[in-house]
Amino acid sequence: MNFLFDLVAQGAQMLLALALAPLLIGFVRKLKARLLHRKGPPIIQPWRDIIRLLRKEVVLAENASWLYRSAPYLIFAMTWVAASLVPTFATGLMFSWAADLIAIIALLGSARFFLALAGMDIGTSFGGIGSSREAMFGSLAEPATIMIVFTVSFVAGTTQLSEIAAYMAGNLELRASVGMALVALLIVAIAENGRVPVDNPATHLELTMVHEAMVLEYSGRYLALIELASALKLLLYISLIACVFFPVGLARHDAGLQAMAIGLGAYVLKLAIGEGLLALFETSRAKMRVFRVPDFLGAGLMLGLLATLLVFVTRSL
Amino acid sequence: MNGSGERSIERLGGLIHSMPKTAFLFLGGCVAISALPPLNGFVSEWLVFQAILLSPSLPQWTVKLLVPAVGVALALSATLGAGCYIRAYGVAFLGRPRSEAARTATDPDRWSLGTMAVLLTMCLMAGLLPSLVIDTISPAAKDFVGGRMPTQAELSWLSIAPVAESRSSYNGLLVFVFILFSAYSARWIIHKFGSARSRRAPAWDCGYIETSPMTQYTGSSFAQPIRRTLGVIAFSVKERLDMPAPGDMRPARLSIEIKDRIFDYLYAPLTRAVETCASGLNILSLLTIQEYLALVFGALVFLLVLVAI
Amino acid sequence: MNFASKQTATQSSPPSCLPWPREIVDKASWLALAESLAKGERELLSLWGETSCVHMAVLEPREPRLRIVTFECPEDSFPSVGRLHPPALRLERAIHDLYGLKPEGTPDHRAWLDHGRWGVRQPCGARHEINTVCDPYTFLTTEGEPLHLIPVGPVHAGIIEPGHFRFSANGETVVRLEERLGFVHKGVDRLMGGASIERAAQIAARVSGDSTVAYSLAFAQAVEAAFDVAVPPRATYLRALMAELERLANHFGDIGAICNDAAFALMHAQRGLVRERILREAASCFGHRLMMDRIAPGGTVVNLRQDNAAALYALVDWIELMTPRLIALFGDTTSLQDRTVGTGVISEALVKQYACGGYIGRASGRAFDARKAIGYAPYPQFAFEIGASKEGDVDARVWVRFDEIKASLKIVRQILDEAPGGPVIGAWALPEDWTREGAALVEGFRGDVFVWLRIRADGVVQRCHLRDPSWFQWPLLEAAIKDNIVADFPLCNKSFNCSYSGHDL
Amino acid sequence: MELLTIDIAHMLAGALVLTSFMLLYQDRLSGLINIYTLHAVILSLSVAWQAYYQDAPHLYVTAGIAAIFKALIIPYSLRRIIERLGVHRTVEVVGGVGITMLIGIFLVALSLVVMLPATAAADPLAREDIAFALAIVLLGLLMMVTRRNAVSQIIGFMSLENGLVLAAAGANGMPLVVEISVAFSILIAFIVIGIFLFRIRERFDNVDLFELDRVRGGRS
């Protein structure tokens, strides 16, 4: 019985992540439009787009290889698995011990690897532009994430996300290192999701795009999967920030339905707040030059490093 | 690379069509070496990170602070490695062939393929079932370092946990099954309820029909952003650009100079040091405020380093 | 038409051109003129062909400001100006494509407007049928490191006009940029030949939708010059009003678009708001949002009612209130400034060589404005400052546009204050004695629009040449990308905002 | 409760180090002044918290002085100055932000390594504050060394001086020194501003002279 309940909870979390991710994108678009005095499309719109794309015929470039056709499934699956390993409304779910924070980051790295390869498969210059920029950003963003992971796990004594969340919820501590790790994680999250100062999710300018450039030749269900994956990635990062730094309201896996309902409510609220801040940040800023991004990410990396150093300050006392 | 007879990466391309089996195996190798899950490279990286995470218990201050730096160097090299293999694989195997040799390349004979396949399978096994491998090699490791990790095989579901399960654990097999399951279920659902049709057409590429393989990113181009970001620090990379004015028909020209900084800054100054010493005292009185500050600052940092050591 | 009346006395026999007489020159003077262009003593204004002759308009440093010369070429070839003075190259290629006149000694033999898809060669000249689908095009070459090409366009992801840009790049470093235009060729030269004046005015108004007032005005002024028609004073004021409204709307729209290219959507939204309000006001005052076909030779088609004038006052008040806020938003947004400052720099020398007008020229230190330099009515009555800068980057072009916005607001206010009463269109008739020629240079929002036309005695346009300012701005875009990376090109391009339609004719 | 107090003090000092890094990263003068204002606000909060923690009322005065002078008057006057000089939209070319930040990290690590073992006997909070303060001083110096623009050098200097104030506030038991140092440092700051502005004006005069030469050359 217990096993069944755990399985249901885990499955519910996976489906919840999948269902919420496009809504999240729709919500942030809506907020941005409202901030610009526009009406904006309905929140459900990304889901409609995805479903429409799924029904469409795929137009493949003549020299697309098997890699190009299988990459969207792999990217989607890896991102989905990574996203469902992050505690959303409850900690310690069934499969949460299967992979720790490092493995989640690495799974996203794999997804990036395949996306970059898919971008180069057709042999057009835009795919190459996107892939090479992504490789440059990724080579700085991942070490920065690893440093954040170090900081957090030095503090919590584990790399297991559920345990980290439990530790953070249990020991209210204000630490400079944790604060810096948060700032660094925000920087990385913005870069990894291609949000405004790094990449423009609403852009149509072929020459400045990163993510959109890689997927330029994709269409139909493949495009839908990649869009879904990128929505899931955004959800993952917000959930990650929420569960590590603001673990308020998270339910334990054995806490029963009521606690889980509270956890769910808190989770949705956290997502909404995160999105609101994101929309505000995005409207107030212009995209930076491509070669400013390494500086930006470098700052994230340095902050991560600094955070790990500072862990020792209080630790030693 | 025998199959194509080309050595320069800039003349390959599209080998995934002409050498499909090699392309698949090579991709596996790239994933493994780039330390990406679920293959073995990631397991090793993961274990190293876990080791680093134990570092706060070390007694020495300097070592303590150095360990995270090692961690960041490791992570940086892993991701740069991944970027490098994206470049190698993307330029050589993907896209359109850049030369006739690349177009007509063929897979090597069965033995070479077989060897590669065996190696890849081993990579996969080590990635999926790391606990078995760790247990197998731990007696040997014990001889080397005098310690060993807890036995992994008795942990449930073939996962690994070097210290304790509550601290960290990783289960390659489960993650792999998970990924395969999601990918296939997504495919099944889409084909069942969505659409499974597809059609071939020329690549979109902004509507200009251009068949020249010149439009693909070259290896050098792919590396340029990273070269520009990191290369300027490590080596002194200079791009020299000669762009003719509009209306001028002569070819534009780009040349790149890469100099090893270590050589320049270590040896060349030595030869110059003697003359500098002679005139140095005179210059000292002509420094700007900024240079004075730099001097004082350098001295301060030097003293602090002395104190630290 | 103050300048037209000055010239009437000296004009004795046809064919000549009003207000600037056209001279027929021999090869030596033609080449001497080309050399003086190359030396920078004069500036090239336009170069255009006809069935068996080529015309060149140059800007003189002294009075009269314009000089139009003609070289007769019975052997279908003329000495290349582009060999000595590169800005003429594309014009010569276009002449060769349309009229089949060969520029002798030109370094660039490639076709320009003709992509081999018309089914006919030299449509305005010899006209022979062909049946290629598409001509191959040789782009200029590059050397050195392994480079890749980035073909951008002609179909772009945004709703903009078609044009092809070919980058030779190494990663992000642009080694060369070459443009290929002509995708929106509409055959305007042939449509114009044989059209009635009314129809020709309509075609002229549709050359480039964003500067329809400027083109209508230039066409009307050329016709009025040719027939020496006096325009009622109220009409000149109304024309200037329309021209300034068009300028304001475009500047607001474009600044927003530049910011949008840097993903700064806030500015884009604000600007869009201002532009929309201007367009709506234009629609309620003149009956068309873009004020298309509101200017006719002899005056204007519509009059401005009193209540509309009041609404325009309110509009100007509102824009004057908004502008400082928008300027502050642009100037104080650090992340935006970081993108625009130092991006896409054009040197003063290049701008002078190409006689590049509009905000592009003014941002790089060439303070030319047809409203001041030619001084057509009613601008001499107004006091206004034109923007100027020497930086030549994207930022400078935006600031020059802000200055122009301020100037335009001032002018609009003066027009509303001082516009005299009276009729808006004067009656005029065709003199029916001989063929007339006229020319006009008018400042559109993008730069100076040049029109030259010849009208037969029966009121049929024989040849009308419309020269968009973009002819001398497009080539500079190729230079602006120097020392910039691929990703900064959209910003450079948008800050230029050259016309495709006006250029491809 | 005790733990939370220390946590907050720690957090504030850490935020001060973070702000120092932001100063290193920012390359626009107006942005720089904004961040400096933030720096000063955090400093005064930090000092005020020390006052509460050590129960030392005179430190409140120090905090107040820091808030009024450094967070209000100096940024305001600096802003006026750069606006009058017309450089408020200037983007300073800062070469190699990455390297600078890396050196910054190294400096922080250095100050931790030097200070923590050296002050092993002291009160934990003071210990930490002094280590952070040294880091801030070094970062301020680094900024002065790497920047060319006079205004950003001034800001570097003042952030350095904030570090000194933090150190002084952390070391309890020397109230008078604190007051004097604050007053003194503000004096110094203004002298330095004066000197630097004199330099700026000198430079501007040069520009004018150049213009004059050009005009003269054109006439003859």
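Note that the chains take the letters A, B, C and D in the order they are written out, and that residue 1 is the start of every chain.
One rule holds for everything that comes next: a contact is a pair of C-beta atoms (placed from the backbone, for glycine too) under 8 Å apart; a residue touches a chain by one contact, two chains touch by 3 or more.
Predicted model, so just to flag it, every value in this text is computed and none were measured.
Looking at contact counts per chain pair, the maximum sits at A-B.
Farthest from chain A, judged by the mean position of CA atoms in each chain, is C. Centroid to centroid, with C-alpha atoms defining each point, chain B and chain D lie 39 Å apart.
Rounded to whole angstrom, the centroid-to-centroid distance between chain A and chain D, based on C-alpha atoms, equals 36 Å.
The geometric centre of chain C is 53 Å away from that of chain D, both derived from CA atoms.
Centre-to-centre, using mean CA coordinates, chain A is 22 Å away from chain B.
In chain D, the residues that touch at least two other chains are 98, 109, 112, 116.
Residues of chain C in contact with two or more other chains: 148-152, 156, 171-172, 338. Contact with two or more other chains is made by residues 125-126, 128-129, 132, 206, 290-291, 294, 305, 309, 312 of chain A.
Across the complex, chain B is touched by residues 96, 98-99, 107, 109-114, 116-118, 138, 141-142, 144-145, 147-148, 153 of chain D. Across the interface of their complex, chain B is touched by residues 82, 86-87, 89, 107-108, 134, 140-156, 164, 168-176, 350, 475-476, 478-479, 482-483 of chain C. By the touch criterion given at the top, residues 10, 205-210, 212, 214-225, 227-228, 239, 241, 243-249, 251-256 of chain B touch chain C in their complex. On the side of chain C, the complex with chain A involves touching residues 148-152, 156-158, 171-172, 259, 261-266, 268-269, 273, 333, 335-336, 338-339, 485-490.
Every residue of chain D that touches chain A in the complex is listed here, in rising order: 4, 7-8, 10-11, 13-15, 17-18, 21, 25, 97-98, 101-102, 104-105, 108-109, 112, 116, 124, 127-128, 131-132.
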